[in-house]
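What follows is a structure written as structure tokens; I'll ask about it next.
Per-chain residue numbering starts at 1, and chain names A, B and C are given in the order in which the chains are listed.
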Amino acid sequence: MNSYIANALSDFFFKYETPRQVLVRNRRVGVVCRLIQLGVLAYIIGWVFIYEKGYQSTDTAVSSVFTKMKGVAYTKVDGEEWVWDTVDYVFPEQGDSSFVVMTNYIITKGQKMGKCPELYPSRVFSSCLCLAAPLLRPPQGHMTGKCVGNTTKTCEVVAWCPVEDDRKIPDPALLMSAENYTLFIKNSVTFPAYGVKRSNLVEGIDNQYIKSCVYDPTTSPLCPIFRLGDLVQLSGFNFATIAKMGGAIGIVIDWTCNLDYDQSECKPIYTFHGLYGNPNETDMARASVGYNFRYAKHYMEDKQEKRTLLKVFGIRFDIIVRSVARKFDIIPTLTAIGSGVGIFGVATVVCDLILLYLLPKREFYNNMKFKVTETQTMGESQLDWLDYLYPLLIGENMETNARV
Amino acid sequence: MNSYIANALSDFFFKYETPRQVLVRNRRVGVVCRLIQLGVLAYIIGWVFIYEKGYQSTDTAVSSVFTKMKGVAYTKVDGEEWVWDTVDYVFPEQGDSSFVVMTNYIITKGQKMGKCPELYPSRVFSSCLCLAAPLLRPPQGHMTGKCVGNTTKTCEVVAWCPVEDDRKIPDPALLMSAENYTLFIKNSVTFPAYGVKRSNLVEGIDNQYIKSCVYDPTTSPLCPIFRLGDLVQLSGFNFATIAKMGGAIGIVIDWTCNLDYDQSECKPIYTFHGLYGNPNETDMARASVGYNFRYAKHYMEDKQEKRTLLKVFGIRFDIIVRSVARKFDIIPTLTAIGSGVGIFGVATVVCDLILLYLLPKREFYNNMKFKVTETQTMGESQLDWLDYLYPLLIGENMETNARV
Amino acid sequence: MNSYIANALSDFFFKYETPRQVLVRNRRVGVVCRLIQLGVLAYIIGWVFIYEKGYQSTDTAVSSVFTKMKGVAYTKVDGEEWVWDTVDYVFPEQGDSSFVVMTNYIITKGQKMGKCPELYPSRVFSSCLCLAAPLLRPPQGHMTGKCVGNTTKTCEVVAWCPVEDDRKIPDPALLMSAENYTLFIKNSVTFPAYGVKRSNLVEGIDNQYIKSCVYDPTTSPLCPIFRLGDLVQLSGFNFATIAKMGGAIGIVIDWTCNLDYDQSECKPIYTFHGLYGNPNETDMARASVGYNFRYAKHYMEDKQEKRTLLKVFGIRFDIIVRSVARKFDIIPTLTAIGSGVGIFGVATVVCDLILLYLLPKREFYNNMKFKVTETQTMGESQLDWLDYLYPLLIGENMETNARV
């Protein structure tokens, strides 16, 4: 038993198998095949390793964004002076990554719960049929069923009265001075797989720099303070248009970092995209224009609950963080090498095809390459005999003696 | 030197190595091994390339979602008529991808800061011990330490008084008409790697269509207007139940696009999932039921700050965008080919095993396959001599002459 | 034609090609190469399959988070008792995954629209030049151009008056009792590729457990109730510091699940990270300290719109869900095997190099390994003749007879 195991181990460890190769000394074949092999090698090293960085593993970041608007807008509507500061025009107020900056509005002051006619003339029912049908879009309030009005009859509703009249949108937008607002973005990213933590306030950005810088794609691409007018322009919009009806802009903070270099080279790149209110008016604008929502400020007056309703048109900002970090890792490297060796095998197959099927001396090479074994029985067709004789004529071993 | 380099280059470029193969002419082995090879090839082409699309690279989208609710609810509580419109029942109001629609509430009007007893009888301390223990859940206000009340003593707190009594939740839900609200979703996705931009308002959806369509999974699967009752039903919930205690529903917008085809075939698929308030009442409901939060409207009355507190029960909607786009790319294609060649090698190993260890003539094939070299010294064991004699008997070369 | 196809099929199916191998019986080479091959095998099985789980495919989750704060804070400022409950200190109120807990504030009561001087002395223009320059950060209101004040002149603005004086931040923070607030997190994850749905209220967590448990990393790591003071401490912050100026904390819920095991072993791990207000004061703190935003409560007094402005300092919580689920899949398994076979090929190449270039008998092995074919013409250089004679001397076939 022991000697059996010993022999098995010795057989295993003291032998080495290497594929036997045929060395073809043919200039044309040699050059062509070497060029194919060099091409494959160049592809593997050049494209897979260097360009596509196949030797690195990737990771995406855990990210957090905080925003802060600054700026004041001044309106004089019907002789009434009003100033709108951050508290009044940013929704929501706590500095999320997604927020709206009000640029235009329709205000309905002092609404209180009661009965009043719906908006004329957008919903006039013939024969004053004022019953709410469940499939229709709901009306502005709860239909009482009554029909009111002198000249044109409209349905009466229980609602916050008087109902809002949003047919005429102020043009130009009331808060055009929103162009000069500034947006400050603080963004922190962490790549957990590599334990790397970065912030968009990169090295070199301190309190002094922040106090005076404004983002510019060429001169100050790392300044985290953005002027709203610039943001709108960089997204491809026209400020007057987007301010009147509202729109949406995506600010993409792109972190593409090669962590084989120093961490300080991991810096964000800001890009700006118009999201819905497309300058290309063909598909999007037909379906849904602008960006708006309603908002109310409640208060008590004479022991009655009242509210001031605002239909807010504004620019919606979505700050989206895209991140990919790469770092050298042994597994993708060896996987790429492994696949590369496989593709090298394809190069060998291609050259073999040329050698065995295309060259003038292909029969010769066939016999060089293949060592043919005999068939199962002796009484085979003459074809098999020829398979025996041919290599014999060329000079192969005496396979005939091999037949047991 | 030149001739040395010339010879080296000529040696490199003018030679070509190809593995020498043994051609086994055995019907059984041939058929079996060819079938194995065809099977591997079918797997590589059929599964890896066609089914799993191994020839394509993938990318996920940068996405932005905007929502808008429409609808009005009417309540008549204690003879008081009230109408709740979008401004009153959607939190937050600016159209985020995550929002709550109020379906039920407990209202406590006219709270003002002062001292009053806590809620009876949920926290009655024996011997009227009213000291706030740091490990207990905080009380409804700041404990004064006093013990108040006539029949049953309760602790006194500094709080917004009177404290809220939330023991009895209105059943049925007060805003059951929320079933008829409609939700409009605008979703824009961009696949940066391929420069493709899509919106859920696909080709064919224009203003007219939007004015009248309602989402239906079979008849109008691309309509971006959803009726709330339908959403609840498609998530597997019962509206009356979820309206009373609240719940959460996830709307998943799935973009799975093959960008080798025309872009217009890249369309979203909507699915609806109940998130927490599981119809399966076993695990989830025991721990935490429904969805609620508190919200206050502040106002001044008689120069005193007051507030109306609402405990809001509602349906939380989370709109989640899942996206994967695929497009033909040379790298994954060649990687799949490379790995495929490697797996082909495994097929060869399996067949070799059959050939060398299972067939009756395996010794013969062993000798056909392996060309044995001699050992290190002449004085080897008799076993090594047999290794020499055997191939000689079969007809191999005269390795004996090879010994130097 | 038929016989041609029959012969082609028979040629294809009844033959099997296997590479001819040279069996080297050399102890040193054998041991070294076997060790290299065993090493590669150990790497493939140990690292790629077992450690990196190369036999599994991965999927990320669709996730939804709901939060709820509990707790009350008591302040006594200028003799005025006040209690702050959840409604007052959480922004926003509806339980999002991202929210702010107020820990400190500067309050400006009863602001009304009018004209008043800007804040003294932060913006004093020499020669009372009060024109708003478009490149400067906007002022606190709309500049009238007038210069007001007795001792020191300041610019007059149209604004909510009196303007906010935020120069002195309350120290210690006014709502230090926020330390005892508790945060309840409900998180639902779904892995769509595997159809698995999980919640952080895992098996074993029921209503009773939730009523009394508090999260602790070692004793109760699955309790979804977190005490705010603990959260701050686990993030590496000091509560007093972060409460005064505000800060941001990321709560990462990590789902790393091996779905080859039972689903109940798929449990979340909570980690806590300070996001911006870094304890390391060097880079971050210089640029931007703390976390704050402004918020207003509007009301009507004497038919005039007024507001109470709060500059809120607080802790921003971002709950981030990271998820990766793995499950056995045939494709990555076979891809790993395929690449592994390729890498095995590299091991063979390395051993061949040793065999052909480093060993003393390398010329012998060269001739064992390579079967050389003749050159294109007979009149070759003497070198080619030597290529012919050498194998002949060693004992190779009579290639000379092969020349046609």
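The criterion applied here is as follows: a residue touches a chain if its C-beta (ideal position, glycine included) is under 8 Å from a C-beta of that chain, and two chains touch if they have at least 3 such contacts.
Protein identities per chain, from UniProt: A, B, C = P2X purinoceptor.
These numbers were taken from a predicted model, which means no experiment stands behind them.
> How would you label the chain A (P2X purinoceptor) and chain C (P2X purinoceptor) contact, same or different, if same means the shared numbers make up over half of all numbers there?
different
> Give the rotation angle, in degrees and rounded to the nearest 5, that superposes the C-alpha atoms of chain B (P2X purinoceptor) onto those of its identical copy chain C (P2X purinoceptor).
The best-fit rotation has an angle of 120 degrees.
> Once you find the CA centre of chain A (P2X purinoceptor) and the CA centre of chain C (P2X purinoceptor), what distance in Å lies between them?
Each chain reduced to its C-alpha mean, chain A (P2X purinoceptor) and chain C (P2X purinoceptor) end up 16 Å apart.
> Give the residues of chain C (P2X purinoceptor) touching no fewer than two other chains, as numbers and ranges.
Residues 17, 19-27, 92, 299-300, 338-342, 345, 368, 370-371, 397 of chain C (P2X purinoceptor) each touch two or more of the other chains.
> Report the residues of chain B (P2X purinoceptor) in contact with chain A (P2X purinoceptor) in the complex, numbered from low to high.
12-27, 62-64, 66, 68, 70-72, 74, 81-83, 85-88, 92-97, 180-182, 184, 186, 188, 190, 192, 199, 201, 203, 205-207, 209-210, 297, 299-301, 306, 308, 331, 334-335, 337-342, 345, 361, 364-365, 367-368, 370-371, 393-397
> Would you pull the chain A (P2X purinoceptor) residues touching chain B (P2X purinoceptor) in the complex into a rising list?
17, 19-27, 29-31, 33-34, 43, 47-48, 52, 54, 91-92, 98-100, 113, 134, 137-142, 157-160, 248, 250, 252, 273, 275-276, 283-284, 286-288, 291, 293-296, 298-300, 303, 305, 307, 309, 312, 316, 318, 320, 322, 336, 338-343, 345-346, 348, 351-352, 355, 368-376, 384, 387, 397-402, 404
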